[in-house]
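Remarks on the structure that follows.
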Amino acid sequence: MYSSSVENLIKLFSKFPTIGHRTAARFVFYLISLNNQEIEELIKAIEDIKKVKICPLCFNHFEGEKELCEICTNPSRDKSLICVIEKETDLESIEKIKKYRGFYFVLGGTVSMLKKDDINKLRIKELEQRIKNHPEIQEIILALNPTTEGEATSLYLERILKPLNKKITRLGRGLSTGGELEYADEQTLRDALDGRK
Amino acid sequence: MYSSSVENLIKLFSKFPTIGHRTAARFVFYLISLNNQEIEELIKAIEDIKKVKICPLCFNHFEGEKELCEICTNPSRDKSLICVIEKETDLESIEKIKKYRGFYFVLGGTVSMLKKDDINKLRIKELEQRIKNHPEIQEIILALNPTTEGEATSLYLERILKPLNKKITRLGRGLSTGGELEYADEQTLRDALDGRK
Amino acid sequence: MYSSSVENLIKLFSKFPTIGHRTAARFVFYLISLNNQEIEELIKAIEDIKKVKICPLCFNHFEGEKELCEICTNPSRDKSLICVIEKETDLESIEKIKKYRGFYFVLGGTVSMLKKDDINKLRIKELEQRIKNHPEIQEIILALNPTTEGEATSLYLERILKPLNKKITRLGRGLSTGGELEYADEQTLRDALDGRK
Amino acid sequence: MYSSSVENLIKLFSKFPTIGHRTAARFVFYLISLNNQEIEELIKAIEDIKKVKICPLCFNHFEGEKELCEICTNPSRDKSLICVIEKETDLESIEKIKKYRGFYFVLGGTVSMLKKDDINKLRIKELEQRIKNHPEIQEIILALNPTTEGEATSLYLERILKPLNKKITRLGRGLSTGGELEYADEQTLRDALDGRK
């Protein structure tokens, strides 16, 4: 057994995503090896995270004095497009390719079984409201992962959003870079043949 | 050191694709554990492989009295489509999804560096001839893997086949089943956004 | 579906240890790519395997006119030692380190649950007989893998062989080359501390 | 690009052992999802780490008013044994098996090339001093990992400590639980045969 402060911090680090007890212990010993100034720097950086705000329009995080995030206040973005993603890192992935110029909406997760409790954790009401309040939106891109959960959630969203009479699209499916026909599942091959060009 | 017959067969099994010395040894001990009748059955099955013919039109393997393989002699297939694949197992993968009804052409490999020697190993002359001899072909689907080699080979084929004035397509690209935006490369994300529907 | 000869050989290759349908298919296409002389060479090598004999003393395989294998007929080996191994490749592994100069006995497997049917597949009667017939044996080394199955089988053998009043040993346990204390299980750490020197 | 506070914390988390940029980003978004009280709890726990002291005798960490750690002040431990380990988690691994009752010494690392700069980072002078100051020590167990670095460091320590005329041992080597002869390296097999019992 480690000493109580060590055990306590291991417990908190173990709650970090993907981190188990052993790695959490390595984190703590890493911190013990730091000098006080480095520890203070880390604490300060964690404090600063409290300044991070959530944009009430797209639910992405941002900092600063404004009410909305940088993307939502950018007048040069394409107002006719909204891209629904599961989580903030997906927004970052799409921004990085510098191809999409519309707006975003962070759904906050996906659901597998369409249980009511799970669905209520997603920002579905907020998404509906967002689209109703912005009649300039013409296309809703459901950019959820093509996993079982992502597909189930996309189907559910299509049903919910249908009455709003917008074009609803999903990301194109097919072979990914580096993929091989030999290992592709049948759906991917079908999509790849369908989407040939 | 194993005995000479064992070592000799290990050497031959080691040439099988993906098989190293250790697995080759396990194969030999597996054969030693078989009775004579089972060994004869295996030898007979290997002998029979010599009866397998290569179709002179699509270069797929086949058996029987006919000159051409079953697909090439099937009158209900769509004569306007030809699908170029790297190897026979890719043909099998596409047939399995029961979606494609055109013809095939087994290229026999892909090339990475476009070295003349490597290119000459592919059936490129034969592909050109096949298309020239069959004016009913309207679309050439280059169904090579979206790997570096597959892409380089597709580019090369497009250049070679352009003068024949046929529609040339490639398999659709995008996210594969089970894929995640977070781990997708930029090209795949671009393809997925482009190909949304 | 592949042609019947191809499917038939895929089926037989799929029975090879560790080989699934996809790899079996690659094996067949590899054979199709060989010329007739190469096929004949493979068939000849498989035929030759039928000449391999099993040594009635140690149950290792061997070739030649003699009744016993090369190790069992080697007068310079140490007659006081017999090493019981699970399978022939383990014998090869031990021979390779050129440290052990005694004799061997290939048990033919290990058992996990000590079911009578499983135990009967092992050469336990033959092992007892071997030791009874060779009173010069002074130490029986149970060189089975330190896996659950190997340990269960070693325990069983110890019980069976105890009445023969020979020294019975097992391979030393501890940290393996490249191992790390951090990832070692408790039993291995205990053995490593116990066996320090 | 994430906002500056987010990027700053990602940068700091990326310095944590084994953590890359992507996982560091997930950590930050995890923190953003926490409420202020949970953030404060984490900051408090990190602050507390500053109270952790290093024992001047064994260089393990500890907390409390005492000068020495709990193990070094435990009168029931065996004063004749000292176990040299690379890092604190190795001490923890050995304590967990409840078999060793002697004292410890945390070396602070291992060296691969015996470069002077690397060696100077280890607590070798302190180890010599510890042993000289405690004539009751009779056996020094070098419990470093049996990796290239660990072995090189053990050899070096043996040379340095030899003049002190103590028994110097290393952890026992052999097959680890679940290991297989077939995959064992030659040194491990040799150790396993040597150490049979």
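Here the chain labels run A, B, C and D in written order, and each chain numbers its own residues starting at 1.
The criterion applied here is as follows: a residue touches a chain if its C-beta (ideal position, glycine included) is under 8 Å from a C-beta of that chain, and two chains touch if they have at least 3 such contacts.
Everything numeric in this text was worked out from a predicted model, so none of it was measured.
Farthest from chain C, judged by the mean position of CA atoms in each chain, is A. Centre-to-centre spacing of chain B and chain D amounts to 53 Å, using the average Cα coordinate of each chain. Averaged C-alpha coordinates put the centre of chain A at 38 Å from the centre of chain D. For chain A, the set of residues that touch two or more other chains comprises 22, 89, 182. Shown here, the protein chains touch around one cycle, each chain meeting exactly two partners.
Of all residues in chain D, those touching chain A in their complex are 2-6, 8-9, 12, 15-18, 22-23, 25-32, 36, 39, 41-43, 45-52, 61-64, 87-89, 92. Remark: chain A residues 85-86, 89-90, 93-94, 96-97, 99-100, 141, 143, 145-147, 169-182, 184-197 touch chain B in the complex.
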